[in-house]
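Each chain gets a letter, A, B, C and D, in the order it is written, and its residues are counted from 1.
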Amino acid sequence: MLKRTLVANRGEIACRILRACREAGIEGVAIHAANDSGSLFTEIADIAIPLEGEGLAETYLNQEQILKIAIDNGCDSIHPGFGFLSERADFAQSVMDSGLIWIGPSPEAITKMGDKMTARITMKAAGVPVIPGEEVEGGLEEVLAIAPSVGYPLLLKATAGGGGKGMRAVYEEENLESEAKAAMREALNAFGDDRVYVERLLTGSRHIEIQVLADKYGRTIHLGERECSVQRRHQKVFEESPSVAIDAELRNAMGEAACDAARAVDYEGAGTVEFLVTPTGEFFFLEMNTRIQVEHPVTEMVTGVDLVREQLRIAGGEAMSCGPLNIRGHAIEVRLYAEDPANNFLPAIGQLKRFIPPTGPGVRLDTGVREGDAVTPDYDPMLAKLIVWAPSRIEALQRMGRALDEFVVLGCTTNIRFLRELCDHPDVVDGWTTTDMIDRLWPDGWKPDLPTIIADAGLLIASAAESTNHGKKIASKSGTSEPLSPFSTLSRRYP
Amino acid sequence: MLKRTLVANRGEIACRILRACREAGIEGVAIHAANDSGSLFTEIADIAIPLEGEGLAETYLNQEQILKIAIDNGCDSIHPGFGFLSERADFAQSVMDSGLIWIGPSPEAITKMGDKMTARITMKAAGVPVIPGEEVEGGLEEVLAIAPSVGYPLLLKATAGGGGKGMRAVYEEENLESEAKAAMREALNAFGDDRVYVERLLTGSRHIEIQVLADKYGRTIHLGERECSVQRRHQKVFEESPSVAIDAELRNAMGEAACDAARAVDYEGAGTVEFLVTPTGEFFFLEMNTRIQVEHPVTEMVTGVDLVREQLRIAGGEAMSCGPLNIRGHAIEVRLYAEDPANNFLPAIGQLKRFIPPTGPGVRLDTGVREGDAVTPDYDPMLAKLIVWAPSRIEALQRMGRALDEFVVLGCTTNIRFLRELCDHPDVVDGWTTTDMIDRLWPDGWKPDLPTIIADAGLLIASAAESTNHGKKIASKSGTSEPLSPFSTLSRRYP
Amino acid sequence: MKFKTSDGRKDIEPQREGLVFIHEGLIAQMGDEIWLEIDGRKHKATAAKVGDTWWVHVLGHTLQYEIVEAGAAGADDDSGLTAPMPGKILDVLVSVGQSVKAGDALMVMEAMKMEHKIVAGHDGIVDAIHYNSGDQVIQGAELLSIHE
Amino acid sequence: MKFKTSDGRKDIEPQREGLVFIHEGLIAQMGDEIWLEIDGRKHKATAAKVGDTWWVHVLGHTLQYEIVEAGAAGADDDSGLTAPMPGKILDVLVSVGQSVKAGDALMVMEAMKMEHKIVAGHDGIVDAIHYNSGDQVIQGAELLSIHE
């Protein structure tokens, strides 16, 4: 069992992990940059150690400093959270070389999954379906020979390339030759290398990920899927489990493939295998994230498995504690960002003068901030995750709507209202969530649907608040000099 | 489906029901006494109507006024919550006579279960086990004849009596005759009636309740048990599900008996059947509560059924939506009371200067108050319920401990520390919870286990806070005159 | 500084350096937030003043300290008289502009099924009366104020 | 009273009766809490002032109103100069006791990868300087103060 764990992260995920440590009877050690002194996660930690230096490279990405703190403070393990150093195989290796436990998969597994081509080859060898496609060494002849086995529509991509150069979509065989010539010409001009790659073009596909968990005792299980298609600026904002597009049969098949993927790299701990799922129910391996994910709570809510606690258990050499897969109800997570959704989702800063989260049944808040905190431009603008669970998807959407309506954040612009409107949007209600959804629905950018009466009401309240100096007296009002204590232990009668 | 529901209650249960209404798309109407104006539940309601009068009888118990408000405001239904009018058959009847829907069982069911003797007779007829015992009409001879069929140890109780007069415990047959004579003599002297009642004495039994749900379509189901043995001053403080004392077989048997009990009175909606369970696994009907219970959240957390939403659904004429019983993990509820546990749990009053509830995974707060609220002697001192769920009982206790440590309430004495110590007590950890537990463990009253260093730290903080006028500047600090808006929509770069 | 607690009177004169207070190895760092350091470990604490009593939450414990003798910041010079608990005003015994002496009864309120007198803490002139008889008042509500 | 919002300037002169403000059928009841009445239904609202901007949460919407012309309560007479956003002090251009004129640059700070000058809002004498160059400051921190 682990005794003292350093959490090499900040914000809400550090809070999440440190709380799990406390519940597991493990001492939690936080590290923090100077500008994170007093942040919520340092308060939840048993010990909080300041990092020297400025900027990410000198602080949260500073492998040497972090490892030294762990050793100097008697830690036996390091949890990297997500982002930062979580997928750095070299750091995992250093941690292990220092005799500490790395709460995550082996450096080899991280490396294999971190390189796209190695991952593809490893998965193919393990029998996990990958997007049909081949690298072409022998020029045009070979492209023409390979194409039928890949299938149409297909995509020609420059092997050396990027940024769309040398990329051509081919919908019918008769266009293959001319398009292939064009692609190779473009590739040669752009990259000095005319090799191309032929891949099936998967249109209208969904991005679906499977959570896996593997311990040291040979048990590798999956915990169902998450659908995370609603994205803005390539970042997820709305995630759910289960997916409306997945039935029990497909879930089993994808789950088995995900477990095969994990086994192929001797995976240990929690990980996520991403798949592309076509409208016809074919699925293909995309990549594996070798860490806990931002959206892990939706899986926790529907499966009843505490993923972070299992990570700690597995790293400590215990068998995982969860029983057979038991998916119940529906969970949705929305990410609360400090950003202005009406202004192309640009990040916002400010002070959280009021921060009043919703409460009640089925509502979970994983927050990195609390009232009074300053939101600075120093870090990612994600402030918190609001997660709801309900027996059915429609009830979960209704509950999320209720919770978002109750959520008060003043002093810093957030995407709360955008998320609220999303919950009522017919495409979301019907489950037609796609990665391009936000651009499709709001091609000219999202603007709040603000009824005139609400705008007028806000104006009235602002002027009344200004006229009455609202909020100014809160502090002094209760600082009265009348002692209350003589009365505080008196008995009372009830009618 | 219901359209507009009046919630004839206050505090946390009114909040719970009004949120469920909002999620179900039903308009929620709150009623409130003058001293509840601005309370949290009036804020959650779509419409809040003031009650005239003072004191409970003129306000929350005023049937005529409440019914008139419901009719005048176009409500189609009334939800009584618990306490107050929830088990008043006459009120249920008036509501129905006015053409409104009563969200609860029929007045007949309430009446039958409300009278102990009628309930006992009805249950016996339905084949539900009741505590073995008989009323004796024929004097001593009959007592001696009946005793063997009741079994030992047995209890002789004056039929007309109460308060322990005429009560005798008999552990062996040889003492029966002399004890029976003494009991009858005492009964005659005290009540002028020497009839006695012979009942099995059930020592070391647990108080276990089964949640049932029944709709208008003939479906009656149970949702497992709750154990609520930890009580102080005959009020529950710590409730959990499942019970450590119940296995799947006993759960099925008790569940079936509870469903039989409900069917025997044509029960509709949510109800709770209480049983006494002996150490040998025998169980006996005690009574049925014909309403939602304070501790319903623990059942919701382990079964995944939203009980209040199902109540609304059933009352609106829909079939209940839940599937087969699926009990997962463990849930614990503690009741946060405004009271002084170190002073015989006497109620306390004050203002909630700070009220900072815990957050994070597996933590649910059903609260009727928020920061700044005054806690008055006018109502029940229960402020909120803190509920946790975790995969196992021990993890749930650990999580509750963590959550209680994080819970900050200043300005009004509460039982938080008492509850915190309870979570670590070996008897609670081992599941040896009994109704007399608190008296047994703390015969001279509970006192906090306060380490000297914490007491010294508190003193230091108090003096430092006084010296620095802590908290006085909060309001003015951010009321600066520097405009922030020019910067609030600027973009920012990440390293 | 002197305080009254549930187990008697306590005296404390911590060493102060700016916003840092030190006493027998314990360190309190004051600011918008309060951090307590014990054996090199920092713990967040929360404190709030109600009347003359400081409420402190630290390491899962909630403690109360009533001020007997104030510190550097001094007592409130608030001339307002506030309701010690929620209740109902039964009688107002003075009027605006009236001179009163320390100890004079100003109002009578009912709370906890008992009657309580609100008395003047010092000599002065009644400035304002905020409630009439029959009004419900919340705890801490300013009932009336006296100008010296 | 005049405000600036995201869709232009707005003027409002509500009818006031004590703590009740009325405008075109909308009623705002002010107090420790704010209640808005629309068509006979009451809704809780929350408001907080940051700088010259009132933030208002009502019925699930969060709105901002920047004051252009203040109301009865008047503007803050706060003589402190505060950091408009979190950042780092690059340079302090004045010293305590120095006379300054409205518009004089007092400090330079870096935030959002840009330099910003902190300028005097009125003539006066520098009372106190709370940060030195190189210090990190949070948003709203009082940087220095000027006495008129």
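Just so we're on the same page, contacts are C-beta pairs under 8 Å (C-beta built on N, C-alpha and C of every residue); 3 or more make two chains touch, one makes a residue touch a chain.
Just so we're clear, the structure is a prediction, and the values are computed from it rather than from any experiment.
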B-D or A-D - the one linked by more C-beta pairs in contact: A-D
Most distant chain from subunit A by Cα centroid: C
Rounded Å distance between subunit C and subunit D, as computed from the means of their C-alpha atoms: 30
Whole-Å gap between the CA centroids of subunit A and subunit D: 36
Distance from the mean Cα position of subunit B to that of subunit A, given in whole angstrom: 38
Mean-CA-position distance for subunit D and subunit B (Å): 47
Touching two or more other chains - residues of subunit C: 32, 49-50, 64, 85, 112, 139-140
Junction residues of subunit A, two or more chains touched: 349-351, 353, 356, 372, 377, 411, 413, 471, 474, 476-479, 484, 487, 490, 492
Touching residues (chain side subunit D, partner subunit B) in the complex: 31-33, 35, 41-42, 44, 49-53, 64, 66, 75-76, 78, 80-85, 111-113, 121, 139-140, 142
In the complex, subunit A residues that touch subunit B: 15-16, 19-20, 22-25, 44, 55-57, 297, 300, 304-306, 308-309, 321-322, 326, 328-329, 340, 343, 346-351, 353, 356-357, 359-367, 370, 372, 377, 380, 390-392, 395, 398-399, 401-402, 406, 411-413, 471-476, 478-479, 484, 487-492, 494-495
Residue ranges of subunit B touching subunit D (in the complex, touch as defined): 38, 42-43, 46-48, 372, 476-487, 490, 492-493
Of subunit C, residues touching subunit B in the complex: 1, 3, 5-6, 10, 12, 14, 16, 19, 21, 23-24, 26, 28, 30, 32, 34, 36, 38, 45-50, 54-65, 67, 70-73, 85-86, 111-112, 136, 138-140
Residues of subunit A that touch subunit D when the two form their complex: 34-35, 342, 349-351, 353-354, 356, 374, 376-378, 404-405, 408-411, 413-414, 416-417, 420, 448, 450, 453-471, 474, 477
